[in-house]
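Next, two complexes with subunit A in common: one pairs it with subunit B, the other with subunit C.
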Partner chain A sequence: MNVLPLMVALPLGMGFLIPMVSRKNRRTADVLGNLATLSLLIMSLYLFRIGNQIYFMGGWKPPLGINLVLDGLSAFFLLIVNLVAFIVTLYSVDYMEIYTSKLRYYSLFLLMLAGMNGVVLTGDIFNLFVFLEIAVISAYALVGFGTEAEELEASFKYLVLGTVSSVFILLGIGFLYSLTGTLNLADIGSKISGISGGHAFWFVVILFVFGFGLKAALVPFHAWLPDAHPSAPASISAVLSGLLIKALGIYPFLRIFYNIFGFPLLETRFIPQILMFLGGASMLTGALLALVQNDIKRMFAYSSISNIGYIVIAFSLGTPLGIMAALLHTFVHATSKALLFLSAGSLEYRLETRDIKKMGGLMEKMPITGISGDIGFLSLAGIPPLAGFWSKLFIILALLDAGRLGWAIFTILVSVLTLGYYLRMNRYVFFGPLKNNLQRIKESPVFMTASMLILSLITVFLGVILLPHLRSIVLDPAVRTLINGTKYISMVMGG
Partner chain B sequence: MEYILSFVLLMIGLYCVATKKNIVKIVIGLNIMEYAINLFLILIGYRRGGIAPIRTPDMSLAYFLRYSVDPLPQALVVTSIVIGFGVLALSVSMAIRIYERYGTFDINEIKRLKG
Partner chain C sequence: MSEKEGLSVIVKVVTRWIVGFVLLFGLYIVIFGHLTPGGGFPGGVIIAGTFVLLTLAFGKDTPLRKLNSTLASELDSTGAIIFLGIALLGLYFGSFFAENFLTKLPSSYFKLFSAGVIPWANLAIGLKVGASIFMVFIILSVTRVVGLPNGEKKMTRKPTGRRK
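Our next item is the complex of A and B:
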């Protein structure tokens, strides 16, 4: 059976089904939501076994109809998205009890998931825009889910900036259509090579850098992220920081610049150069601002900006090692940052504050939250046996390999800053003397601790045991897809 | 000429979003931007003196290809209008909620978040 359309159809259908069938019993929503994400996770693992595949919607062949394309890169992103989404739904069973409307939460969450899966799978650029809008509109609503004053303010800010960037992406798509007369990504790729020198082509590239750069929160366009990510419920912050900025920001960059525009773009060093500077600015700004934050989730949000910088620097090198490092860091950041946000949510659930100055000594009161928070922080700070160390090492090696010594030293310095702000967080939150008013704090409920434990195990094993296997099964096909560049076109158009 | 006008419209929308202090005006600005893009998409497929892209039996294929406008941008615009409507509905309802919480539409007074 062909499971590709189900990756989009299942969360979309469930998103509307859940609020209809589970009005009487709220447990039905929990069960259905978790079943949906679990089956999506199983399907995304199964997709690794069937290799490259194309699904023609309604049987229309590529230049005419919309098609869903599965290759190494899509399978890689699908695995990350559905893995973190499953753990987050498990976590929400207990966590979302503090909010009033769990049904709508699951509904919006699954719609966002459908949008992300769709963006990653689709082979049509306008379809990509539609799925992107499905994902971000649900994200706007989820950021303001608590409807407190600050949350609404953050959500409105996100909505305004997000809509402006979407408008520019749509303008770019319009230009591409008038240049090539087609909307299919592979078909655009085959027709763009003749006109790729013109002004209109460069205008499209700049529009896409702006549009997708805002979705990925690269530095000059990052203003919405430190407000929006902390304001959402913690489970949603984990998805926004871990997945959304990558599936809607990094993935279109990779797909469009490597597979569709291909060589003309990479041969002129202009766009990679711009992306490297944006990435470097993101790394430094995110790390410096994270150093001074007292709000724990806001600190993690700035750290996300910094980590997006690492990913962008690595993939704009364009070498196989750089792309591998970028994809590995995408995976590591998705799991570790989700873990950090989930433990921050667990702290907020019990303490009802996000100010790290009001916490202290919580390791003995909330051991599982403490350990999983520490594993996430050690991984992202780059402490040896954990996965974050390897991905940062690969990024630095890739920079050295490409002969960019200055950037490599810069990356090492920013890593030291990263370690600095995580140590500061750790000292205030988990260690030090226990405050008197925190004596009666208990560990979080079972579903929250269970999901954090699963995610910490994944983070630990990713670095220690899984890395060689992960590389051969998951990473290499994705790297090969990007290195082969415009082979994507012949795969879609030929099949 | 029409292209320039749609860009002027886009810039008016962007100016409105960037400088206005009232939330409702910002929402209006967003919609002006969206409609500028919709106009632009329609213009891509437009052809002066063209006919609707429906081929009747008495029409030859050559005549149809020569005179009909491109239907695909029109399909895009329909989708884009629906998306724009979704964003509009969400932003207006959010503006109402913000008014309930803050008692004002002025973004200078709606800044409890720092940074």
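Our next item is the complex of A and C:
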């Protein structure tokens, strides 16, 4: 039996099963939710042994039917998504006790996961849109999960802007369908070559830059993120910042622009140039705004915008080194930012505040939270030998390699800003004098600390030991998929 | 069923006559989905429409007595799981996920029992859509925004029924 359709079917089925069977006993929801994400993680690791594979849903061959495509890039994103999702569900066992309805939480969470896995696996552009909507609609509900005024407002803002971006994407898909008469990604790729110079084609490209740029929170389109990510429960913030903006924003960019449109975008410098400026603006704006935040989760949210900028700058270079750096930074940011949000959630769980001015000296009271928060911050600030240092180094090297000296210097300057706001956070939260009202604070419950420890270990070992293995097994196939460009088309249509 | 709730007696009597036919029409659209225009989704919407009609005419207690929100939410999940189950059976008996694994004899074309798993999938979708649209309507109608004395606004559940 093939596991590829189960990557989508398992979380979808569990999402509907959990609210039915665990109404009586809450623990059932915990067990089922964690089992689902654990088996997804194991399956996503197993997929690396399979190699490239095309799966025809219902036995219908493309271009008629919907197909799932597993190649290096999908396998890479599946690994990130399911790794972080498993750790987050483990964390939710204790953390979500402070909210009311765990059943609905797991249900929505697994639907969001099904949506992300579906976006990453599908080979059909309309199917991609449907999975994208499944993921974001669950995310709207999860952002407003606490149902306080602030959370509902953030959720509504996210809903409005998210719908605008979905409309852009849907309009783009509609134009593409009218141009090519097909919705299969590979088939679109094979038919678009004749018409790629036309105005309609460029309109589609611009619509996709708007739509997916809004989903990825690139700078002119970032307004929803600093509200939505802090307002969600911390476990959901970790998924939104770590995974959702990448699986729904960055992945479709890479897949469509490299594998489907390929040739016109790599030859003309127009779109890469736009993406580079958007990325640079994101890096600088995110970092500058993060410097002045007092809300710890809001600071991390702005930092996410800044890091998306790094990723976009690196992959819009189009060189193998740039793509490798972008993917590595995607991995590093997913794990480290998830770790930071989980630590912030742990602080919020005990202190019931997110204001860093009201914290202080918490390293001695909450050592595990403190250490994992510090590992996350050191990694993202780019301190050797942690993983974040290597990914930033590769980005800078890729920029130098492509002859963009100015951009390289700019990236180094922004990294200094990044170090600045993380040091400020560290100074106020974990070090400094312990406040009197915080004397009775205890460390968080066991599932929360355990999941933070696992993620810290991954972050540390990633930089110190695992990097060569990660590169040869996980990163290189993904880079090859993107470098080969439109060979994706012949792979799908031929297989 | 209290006389005070809902709309006038004319509306109630007409609704009582019509509602069975509307439900029957919805079921027809679902069951004949693979032969005539329609299918699980439109049929499910019509089925949910009967409950919405009952709510409008009699107030929300009458439909909720027939189908309370817990049951509706479970029917909703059941529909989704049946649909997924049919797709997984395709993987088990056939060779692909969502494969139409039942035999499709040419002699059965245009008969009610034809098209393999499509009618069963339509039934599952009808169940899912009917239950979830009813749930959406109930949830939209049981909550409202009230102004608190201090000027803030709060979303709250309406008190059930007009008890006198």
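Here is the rule we use: the second predicted complex is superposed on the first by the 495 of 495 C-alpha atoms of A that agree within 3 Å, B and C clash if a C-alpha of one lies under 4 Å from a C-alpha of the other, contacts with A are read in each partner's own complex, and residues count from 1 in each chain.
We adopt the following convention: a residue touches a chain if its C-beta (ideal position, glycine included) is under 8 Å from a C-beta of that chain, and two chains touch if they have at least 3 such contacts.
Bear in mind the structure is a predicted one, so any value in this text is a computation, not a measurement.
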Inset, instruction - Scan A:Tyr99 for contacts with subunit B and subunit C and give back first, second, both or neither. - result: neither
Legend entry - Partner chain(s) touched by A:Phe431 [first = subunit B, second = subunit C, both, neither]: neither
Inset, instruction - Examine A:Tyr55 and indicate which partner it touches, taking first as subunit B and second as subunit C; both and neither are also allowed. - result: second
Inset, instruction - With the two complexes superposed on chain A, say which partner A:Leu171 touches: subunit B (first), subunit C (second), both, or neither. - result: first
Inset, instruction - Tell me which partner A:Ala9 touches in the superposition: subunit B (first), subunit C (second), both or neither. - result: second
Legend entry - In the superposition, subunit B vs subunit C on subunit A residues touched: B
Inset, instruction - Answer with first, second, both or neither: which of subunit B and subunit C does A:Glu153 touch in the superposed model? - result: first
Inset, instruction - Determine, under the contact definition given at the top, whether A:Leu17 touches first (subunit B), second (subunit C), both, or neither. - result: second
Legend entry - subunit B versus subunit C as contact partner of A:Phe203, first or second or both or neither: neither
Inset, instruction - Could you give the residue numbers on subunit A that contact subunit B in one complex and subunit C in the other? - result: 147, 152
Inset, instruction - Within their complex, state which residues of subunit C touch subunit A. - result: 70, 73-74, 76-78, 80-81, 84, 87-88, 90-92, 94-100, 155
Legend entry - subunit A residues within the subunit C interface of the complex: 1-2, 5, 9, 12-13, 16-17, 19-20, 23, 55-59, 147, 152
Legend entry - Residues of subunit B touching subunit A in the complex: 10, 14, 17, 23, 26, 30, 33-34, 37, 40-41, 44, 72-73, 76, 79-80, 83, 86-87, 90-91, 94-95, 97-98, 101-102, 110-113, 115
Legend entry - Sites on subunit A touched by subunit B in the complex: 126, 130, 133, 137, 140-141, 144, 147-150, 152-156, 159-160, 163-164, 167, 170-171, 174, 177-178, 183, 226-227, 231, 289, 298
